[in-house]
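Once you've had a glance at the structure underneath, I'll fire off some questions.
Letters A, B and C mark the chains in the order given here, with residues in each chain numbered from 1 onward.
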């Protein structure tokens, strides 16, 4: 294939001019979804990890069950169930809601695990020092344990946030007009591969800086350790 | 409530008629392993009591029972007239009146020295920020760490960290401070500075219960020395009597072993 | 309540769909084995290249790794499946899935190996070389075993992600487990086959997730309150 044809196939200027607004709309929706998911899933996961550190065996059993379930299940399964199955049982959720709900629960499971690992890494003397000064369980958690535990969990939390944002592409399966959905519908209207290129570039524009940033941050952390 | 009434505290001499802390027939087991067996102990206000004994004698466990970091299997812990083993007692309210200093310091690594001291003043005593800082700086002054108020714990030596930990405990104006082997994790050259601070607190009239391996300190500074072995209080008495003419052969053996 | 049970837990429909689901499971397993094997072996090459002394090898490798980590795997898959034909390269759904996910996972496994290799103290390879082993022998018999041991939990959790990822193959009409379940759902207007597929995924992956948690469990430091 000549370079010329390669460019008109994947970088056709006319197609770019026609479809870039659609891709931008998709980017806005992807960003909105990402924020909604990260806020809800992050808060839920953090709360579950805090609850788990209270160490009530019965409750912890259910927290572990919850985390295992959402870490082991491919997210497309609940997405299809909620979107296609629930209406037949009399409850209709929008595609946006289904995607937001599913991915928030998936993120919550991973955040719970990361935060719990951080909490567990704090030496028991920290709890004892705080409790023996008269601080209650919640105060100790908020002012002594979490500030240290979250710092430990930060790298895996950022990785999870990036990963879950990438998963918003699953919305295309149920027609959430996020980037991938916009790009592939534009591709089928136009019969050109250029919108797909635009979509891929849009994802790169969002994630490449994050990936490079996290690589940089990790290497800095590694130096500090060494 | 007889809480923090300064006049009352000042009136409390070492010979006061009631103990500030009393352990009655305390039992503690971990699994089948008996750690404490029928331990009785009375601490009067203003007293400095040192607890000595071989490792594994249960002395640290006994200290941790005094503020209920461990739960007893039987017996009572009476602090200031309240039975702490009762489920009716709000343990968080009691603990603010009991300071504790740990072997491993346990400073909060994410807070500077000053922040370590102000945290409980703000969150537990409810002092406004400025007031908490004033109280904390005063406490740091008393342990000679005021000029390090802005230092991070990781930049301080072990002795300095332990002095900050002592400031953290005394800033809450506790009625008693528990010391759990406060110098055992220290470099030998740094032990002196921490013991000097404890000696000063003694002169200020602070009530202290100290689990320690520092025989010289116990002998020179304590009002009373308690010797524990195998989970029991073997004997107790004024330091001179206990160190020069112990009644129990186990005490004598331990003391001659430690002084070599 | 009854509506929910009938829609999601209809045993009769699951029994009817069972042969279909088994066919799909076979594809899912094949795909998982192929992608994990390719990912594990390409990932090792990627890791070695990204740690190479030679800049012309190291920098392009790192750039490609970051590129494939930045693209969501589904985007890569659709690009390969729907985009490449425009360039005259028509791949079967199976090959498209394998290509897209192998590229994606070579990058991820590569990063995991890389972390493991970096965690092996340099003295290890120095003493191996000093005892007369070749560079390849040193890598195979001294450095790699230690590196893999250090990152086993991460390799495992990436493997869980890969198997979950194969469910995306249904999007390009590869007849994997989830595709068959979705097909059964659209034929019967009943979601029970998808629930059954979900249960099969859980049966495969739950033990792995438990295993990862066991690896990560040290002594629990959190005291009882």
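Here are some notes:
Note that in this section a residue touches a chain if its C-beta (ideal position, glycine included) is under 8 Å from a C-beta of that chain, and two chains touch if they have at least 3 such contacts.
Please read all numbers here as calculations on a predicted model, not as lab measurements.
Taking the definition of touch as given, a chain qualifies here only if it contacts subunit A and subunit B alike; none does.
Chain nearest the geometric middle of the protein is A, using mean C-alpha positions. Between the chains A-C lie more C-beta contact pairs than between any other two chains. Per-chain CA centroids place subunit A at a distance of 48 Å from subunit B. Inter-chain centre distance (subunit B to subunit C, centres taken as mean C-alpha positions): 55 Å.
Inter-chain spacing, taken between the CA centroids of subunit A and subunit C, is 18 Å. Residue positions of subunit A with contacts to 2 or more other chains are 123, 128, 131. The part of subunit B that touches subunit A in the complex is made up of residues 67, 69, 92-100, 102, 104, 106-110, 119-120, 123-124, 165, 168-169, 172.
Of all the residues in subunit C, the ones that touch subunit A in their complex are 3-4, 6-8, 62, 66-67, 69-76, 78-79, 82-83, 86-88, 118, 160, 163-168, 170-171, 178, 182, 185, 189-191, 194-195, 197-198, 201-202, 205-206, 208-210, 213, 216, 218, 220-225. Taken together, the subunit A residues at the contact with subunit C in this complex read 1, 6, 9-10, 53-55, 64, 68-69, 71-78, 80-81, 84-86, 88-90, 113, 117, 119-124, 127-128, 131, 137, 166-170, 172-173, 179-180, 184, 187, 192-193, 196-197, 199-200, 203-204, 207-208, 210-212, 215, 222.
Of all the residues in subunit A, the ones that touch subunit B in their complex are 123, 125-126, 128-136, 139, 143-144, 147-148, 151.
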